[in-house]
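In the two complexes that follow, subunit A is the common piece, with subunit B as its partner first and subunit C second.
Here is the complex of A and B:
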């Protein structure tokens, strides 16, 4: 990819900045060739990867190097786009929101600084991946389990900061962050929570500050570069029991949600319960052409045939319990009785006990996996996906409403329907997976229109997305319209106070510093 | 109390401000007589109530009135000190940190705006007390339980914002806040989380923003006036079982903590477990003179006599389980087996089942109570208390270390020892209750010295307080010393950006706006 300079930076100024960065990290860690820029492009981009071009990347190895780079970026007015491991697939991977930003690649900061088997937490740098932490836990034989997302290649910390979710009792990853360290836009260094006191051993244990609490002000944020954080882990349970039901009809999701939510809120179910529609199972069995050979969306009669043929329900629900065998048994009876009121078929039951092997693909056991990414192969070609991800109250009324709305819009755009609802407590994360062949211009164009329609119609109905792709960050921020966009006003006021030169991640999540507010339209779909 | 004007405000300027406030709320709701000022003094003040004098109070009835007052306060440069119900006993009640501040009394804003029996949450204004919400739940027969602190007179919202704790599964009150509305220092109005979108029904359900999350930036904070918030409530359980042990020796707290913490982290115990020392029971049986008639601290031999006489352990532990009877039974067996390893005596067991009356004094059942305040009568005279409240990791090593340290310092100051540890997860809140007769100058002087010593020595050992009284807010903020007080620098940078005139709660938690930074030394002990 050819060089796109940052706004208002001359070629000479840019070279001077890169040289300055090289004086900190060494020449080898400033990456600015065409091939380097390709490596930081959005490999799932809907359309050209040049839509969100990085100008270069710089890869520091320490907090002090990051502080030095941030200070130099201010001096040279060169914007930085921090990425942890750059695996934010479906949301932009490692590409920057603003053209010409320099990717601040934190992948070399990959130390696991603490792993406490008793108080069940780790302290990690941004470059630590789920597989890394998993391996280290195994190496130390620590009695700890992780919560992992669909893509195990990603960064533990990056995923939590982006509000990623998993399917265990620790599934709302951002809520497990406790005590962060961040380089501020002026190069200052902050530790939140009890870490604001030197060497306080409760840093990663007590989740609040003395005074205002800041941990999550640094999530989905451009207010600083998070350089380490505490992550709470699940103590390895004595046993685990999984109850699995195939749920026959689309409309059954109503009673499923109204059955699970009260048990989840009451704490009888600890886990984030994932409820994927049938395509979630089919994508693992083959690609689209094996099941339907026309370009138009798979029709309902064919779906019904496939469900019958593969003995699948429209939805599959697996509820996993963790803990003492006697407690899990008692809980299972309560859950089974609740399901029995609506469905005669008993669940498939599967016990795990200490000493048993874990199924390597089961992310509800905290094993990282990249298998769910297989869905990107569904459409054929250079496949990719984007997720449309609104949050709705976890009741049948809201879930059915959202299901009907997105299903209708997706059908109108003649795209295969693949949705999941994850019950995280009082709310459900709805993810609508939109899969496309990156080399099919018509498909790409259609997907973009579909994405716009989903955002707009869902907002009209009163719901918002919790996360989105680079190209739609402003459009989603626009939907947060209370009091004439008070949230954006507030975000940008704080942004300007902390980052007067606007050098950290301009445009992230639709928050623009004054210095680059004019760039807002570029790169927006 | 005579009038103390705010800094740099003339008597004429002050009158003009009060008249302007009266034009918003009506004359009757601007309170500025000597008697009015007394009513907003710290009734638990260690020493003179004039140490933290309010100049007046203004009591708005709506969000729009608050916005108007905040705008006028900017115009007239008159600082406001927001209080919810002003019952922050032990930490300053309704008195302001900075002399001459006008108390913004939110007590009239006392509506319960929503009470959702299914998704288990309420939306409350700051004036709603624990008793109010309890009554409304009962009136609606909603299947919901509350989490309440030791003083049920206080505000549900105020308590959560001040990081108050309770003794139920919802005991870390700030973590149950979800979706707040705040009037910003310039009069703008912000809604956090999904509430940043007009009428989004997930406002009080999903605990994160699109972009940076701000809810807890408004706790222990002077960045805005919180005007409403969602508060998650516990679904009424089918049954509840309480297991109570008297724990004989002081040193036994080591195994008690190491037994409870893993069960709490694993989720087998949901509740915040409160472990008070013996004086917690004795204060309910009489006052100090009934047990020990000398001014010096009660000696160890007398303590031992009393424990024997009243058949008390040095500590008492009650663990309460909530939920289905079968699940509670299974959990109880696990807990009893864990305790049995250290203590032969079986627990006292007490079941509650739906339909049973709740013990009106049992705050672990979510019933608000003011009985724990009785401890203030212990010393005689106009009794009061302050709490020294550090947070420590929930392991025997740290708990014993803190116990020994504070016990030694308190003994050196010849004061009765009354401590509790509340295990909230990976951490424990240690509260050391210091009781005093407000009219005994020698006692007050001693308590202040003791408080200073506790803060300084505890910080030297590496631990911080999670909350403190007005007079010590700066001293505690001083202990958060990482990177030359980076936290305060960050807090004050944001404060100055949002509140250039410094009119919201200057000095709160040691965060001073530029306009009043010179006032820092006044009112500090």
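Here is the complex of A and C:
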């Protein structure tokens, strides 16, 4: 990829900045070839990867190196785009929102600083991936489980800071963060919570500050560079029982949600319950052309044929219980009775006990996997996906409303319907997976139009997204419109106060520093 | 991204199963039949030392940097197995360390350029020195 300079930076000024960065990290960790720029592009970009081009990447190995780089970035007016491991697939990978930003790749900062089996937490740097922490827990034989997202290739902190979701009792990953260290936009260093006191042993245990609490102000944020954080982990349970039902009809999602939500709020179900639609089960069985060989969306009659052929319901619900065997048995009875009121078929039951092998790919058991990325093979060619992810109250009324609305819009754009609802408590996250071949211009154009329609219509109905791709960060921020966009005005006031040069992640989540506010239209879909 | 997983990847894994050790205590079959999985394999830690210098431990680097997807049951192994079967080659050739037809230049091109579902790897993911070592390791002495 050819070089795109940051706004208002000359080629000489840019070289001077890179040389300055190299004086901190060494020449070998400033990555600025065309091939490097390609490697830091959004590999799932809908359209050209050059729409969100990085100018270079720099990879520090310590907090002190990050502080030095941030100070130099201010001096040279070169904006940085921090990434933990750069695997935010579907949301931009490691590519920056603003063209010409230098990726601050924290992948070398991959130390597990603490692993405490008694109080069940770890302290990690941003470069620690789910596999890294999982393998270290295994090596130490610590009685701890992680919560992992669909793509376990990424960073534990990066995913939590981006509000990633997993499917265990610790599935709201941002909630597991406790006590953060961050380099501020002027190079200062802050520790939140009890860590604000030197050497306080409760830093990663008590989740609030004395005074305003700032931990999550560094999530989906451009207010600093997180350099370490505490992450709470689940004590390994004695047993786990999974109950699985195939749910026959599309409309059954109504009673499913109204059955699960109260059990989840009451604490009888601990995990985030994931409910995928039929395509989630077929997508890894082959490629699309094996099942439907036309470019148009798969028609309902073909869907019904496939469900019959593969003996699948429209939805599948798996509820996993964790803990003592007697407790799990008692909980299972309550849950089974609740389902029995709507569905005669008993669930399939599968026990796991200490000492049993875990399904290496069952992420409800906390084992990281990258296998879900296989779905990119479904569309053929250079397959990719984006997720449209609104949040709705976890009741049938809201879930059915969302389902009907998004189905209609997706059908109008002649795209296959592939949705899931994850019940995380009082809310449900609805992820609509939109898959496309990156080399099919017509398909990409259609997906972009579809994405815009989904955001706009869903906002009109009163709901917002919890996370989105680079190209839609501003559009989604626009939907948060209470009191003339008070949230964005507040975010930008803080941003300008802390980061007058706007050098940390300009445009992240639609928050633009004054210095680059004119760039907002570039790269927005 | 979602938990698509276990009902899903399965015909592929069943196909690779012949070439792999069975898990010590296989999980029972689920609705629709859940086939056997290769057990989760803990990767080597990244070897100590300067990652930019030659002489990296190739096997350890391969496990650490590539094992996510290229151990048995990983995304890369699953997709390659499918490709191998389509070419009438043995499913065990879906595992890179079993291959006899890899050349260093090809390995490097795929790692840096990406291929199919595999994203290009940055020089922080795997340094040039590490990639040299891994490419030689997978090529088994071929130049």
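Simple rule for what comes next: the second predicted complex is superposed on the first by the 525 of 525 C-alpha atoms of A that agree within 3 Å, B and C clash if a C-alpha of one lies under 4 Å from a C-alpha of the other, contacts with A are read in each partner's own complex, and residues count from 1 in each chain.
Quick note on the criterion: a contact is a pair of C-beta atoms (placed from the backbone, for glycine too) under 8 Å apart; a residue touches a chain by one contact, two chains touch by 3 or more.
Bear in mind that the values here come from a model prediction, so they are computed numbers and not experimental data.
For the composite obtained by overlaying on subunit A, subunit B and subunit C can both be accommodated side by side without a clash. Within the superposed three-chain model, A:189 lies in touch with subunit B and out of touch with subunit C [touch as defined at top]. In the superposition on chain A, A:281 makes contact with subunit C only, while subunit B stays out of contact range. Looking at the shared chain after the overlay, A:359 reaches subunit C, while subunit B stays out of its contact range.
Using the contact criterion defined above for the overlaid structures, shared-chain residue A:338 touches neither subunit B nor subunit C, since it reaches no partner. After overlaying the two complexes on the shared chain, residue contacts for A:108 are found with subunit C alone; subunit B is out of touch. In the superposition on chain A, A:199 contacts subunit B only, with no contact to subunit C.
Taking subunit A as the reference chain, the count of touched residues is higher for B when subunit B and subunit C are set side by side.
With both structures placed on the common chain, the touch criterion links A:219 to subunit B but leaves subunit C unconnected. Subunit B and subunit C never share a C-alpha pair closer than 18 Å once the two structures are laid over each other. Counting contacts as defined above, no subunit A residue meets subunit B in one complex and subunit C in the other.
Looking at the complex, you find that subunit B touches subunit A at residues 118-121, 163, 169, 172, 174-175, 178, 184, 188-192, 194-202, 204-221, 223, 232, 235, 237, 261-262, 265-268, 270, 322-324, 326-327, 329-331, 333-334, 391-395, 398, 424-427, 459, 462-467, 476-477, 479-483, 486-487, 489-491, 493-494, 496-498, 508-511. Interface residues of subunit C facing subunit A in the complex, by the touch rule stated above, are 1-12, 23-28, 30-32, 37-40, 42-43, 45-46, 51-52, 67-69, 73-75, 78-79, 82, 112-114, 116-117, 119-125, 127.
Of all residues in subunit A, those touching subunit C in their complex are 26, 28-29, 31, 35-36, 38-40, 43, 57, 59, 86, 89-90, 93-94, 105, 107-108, 110, 129, 131, 135, 138-139, 149-153, 167, 244, 246, 274, 276, 280-286, 310-312, 316, 348, 350, 352, 355-364, 367-377, 382-383, 387, 420, 422, 431, 433.
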